[in-house]
Amino acid sequence: MTDRDYYVDVPLRWSDMDAYAHVNNVQFLRLLEDARVVAIREWLGEREDMLRTGVLVARHEIEYLAPLDFRPAPVRIFMWTKAIGGANFDIGYDVCDPDDIGTTTYARAETTLVAYDFASASPRRLSADERAALAEHAGGPVGFRRRLR
Amino acid sequence: MTDRDYYVDVPLRWSDMDAYAHVNNVQFLRLLEDARVVAIREWLGEREDMLRTGVLVARHEIEYLAPLDFRPAPVRIFMWTKAIGGANFDIGYDVCDPDDIGTTTYARAETTLVAYDFASASPRRLSADERAALAEHAGGPVGFRRRLR
Amino acid sequence: MTDRDYYVDVPLRWSDMDAYAHVNNVQFLRLLEDARVVAIREWLGEREDMLRTGVLVARHEIEYLAPLDFRPAPVRIFMWTKAIGGANFDIGYDVCDPDDIGTTTYARAETTLVAYDFASASPRRLSADERAALAEHAGGPVGFRRRLR
Amino acid sequence: MTDRDYYVDVPLRWSDMDAYAHVNNVQFLRLLEDARVVAIREWLGEREDMLRTGVLVARHEIEYLAPLDFRPAPVRIFMWTKAIGGANFDIGYDVCDPDDIGTTTYARAETTLVAYDFASASPRRLSADERAALAEHAGGPVGFRRRLR
């Protein structure tokens, strides 16, 4: 697959704007959260509800490429999996316009998630089944500009 | 100086908790925002009000080390500058407990900021004076665990 | 018309839940805000963009009738105008399920809005045209349970 | 007592501002939430932790009197109890400046709270002890301008 095979459209809220009248940089992470909740349910939901079992955020990295103004149209958030490990995996994101709206990429991001067992309050191993389901959505590295330093 | 010379205490809000009853991972970025607004005013405020001139967030990276429960006590956010360039600089953060509360580090993070001229809608160069002021708070790299990949 | 002639469907966000794992009471006002932004643009947009001219919130009243769990389906927010005055008007709301989801009413609310001229920083009179446009969506009083005290 | 005997100072966050660069009307309810969490713990905490037993919001009413700009100083939120019933009570609020900052009242509000037993998922009666504790903070009606209609 390519990194553009799976996406979720997330509507903006008027309150996503900050005092500069652009969508606030922290709210981008909020938009990613909503897209990720849908993706994980769709990717893993028939196997096991990882949102309940569940999954913890261990790391975020995000790069902002263009200012995003509030508008009725949603943002299209492409997502793919990366670096599927024993108990954790990464999700890559491109935050873009829907096809009929434009061609801007507003942000690129990456989240490391850890499978977690709330009952024992500790990380747990991903099952072979979960790893296979995540691998179906595997894509390449996020195209960060500033990574190497 | 060391990375522990400057900090801002940021109070939590009850609403920082999500459905897991911990402070939500995105809200950590919100806490960093509030600490950063104070830091930039204190570091650069007597020279020029960069919050108005102003400054844009170009990048965030954050690693979560321990769950944070809601409590009346604030979090202590240590901050220092890094990689001061022509038009941009980085801020490093450690999100910790105040001394009388505990010794946990909850998160480490880094933000790249770009000096911006709203009138011309374009990045602007940092003045020598601003660079000197930021250099007074220079510290080392953020102690990320997962950076090298 | 009846109070059920106009509605906006507003999607929930995972972060609308609080530590009780229900949609937080304050977030209901956030949902109303998003529905209202759409309604005012649709009701008055061809005449004058009141969101820019603009409009200020002078008052909210809200009554919660049933807990709302997070779900993929949006809430359906019915809206109508009330008490159209010289410089202000009220909006009534019923926060419900879409038809195919259920029949619960989660909240009832009312907002008083004031037409405002940002240039002169003072309230302004609604034009005859605006009053006529708002009157097309006039409905009855909000069915609050606890109003008379 | 008078309505000015008890208050909680709540710090603002930069993100409380909306695209109009004032503290957003919905965020006022967020500020009330934080003040109320402190008040209920202080008023009832030694008897029973109502935040866990707990307490649900049944109703809010709020009137905005003056725009609030972001500033380092907190808002001072005066609170008192009203209409203490079998299973519910009201809290009145005045959102003001601390003494050394100014004399503006930004908003007046009222919340109806219902004592709730999460184990049985139903309202519960306030104990005589709780009612006495709440009565120690009893005050008069909120000075709403627009109530009678």
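We call the chains A, B, C and D, going by the order they appear; numbering starts again at 1 in every chain.
Keep in mind that, in the parts below, a contact is a pair of C-beta atoms (placed from the backbone, for glycine too) under 8 Å apart; a residue touches a chain by one contact, two chains touch by 3 or more.
As the structure is a prediction and not an experimental result, all values here were calculated from the model.
Enquirer: When the contacting C-beta pairs are counted for A-D and for A-B, which pair yields the higher total?
Expert: Output for the comparison: A-B.
Enquirer: Report the chain whose mean Cα position is at the greatest distance from that of subunit B.
Expert: C
Enquirer: Which integer distance in Å separates the CA centroid of subunit A from that of subunit D?
Expert: Each chain reduced to its C-alpha mean, subunit A and subunit D end up 37 Å apart.
Enquirer: Go ahead and note the Å separation of the Cα centroids belonging to subunit A and subunit C.
Expert: 31
Enquirer: Determine the centre-to-centre distance between subunit A and subunit B, using the mean Cα coordinates as centres, and give it in whole Å.
Expert: Centres of subunit A and subunit B (C-alpha means) sit 23 Å apart.
Enquirer: Quick one: which residues in subunit B touch 2 or more of the other chains?
Expert: Touching at least two other chains: 14-15, 26, 30, 33.
Enquirer: Based on the touch definition given at the start, go ahead and assign the chain network to line, ring, star, complete or other.
Expert: Topology of touching chains reads as complete, every chain touching all others.
Enquirer: Using the touch rule from the top, collect the residues of subunit A that touch subunit B in their complex.
Expert: Interface residues on subunit A, with respect to subunit B: 20, 25-26, 29-30, 33, 54, 56-64, 83, 112, 146, 149.
Enquirer: Under the touch definition given earlier, write down the residues of subunit C that touch subunit A in their complex.
Expert: Within the complex, subunit C contacts subunit A at residues 11, 13-15, 30, 33-34, 37-38, 72.
Enquirer: Using the touch definition up top, name the residues of subunit D that touch subunit A in the complex.
Expert: Checking each residue of subunit D against subunit A gives 14-15, 17-19, 21, 24, 26, 70.
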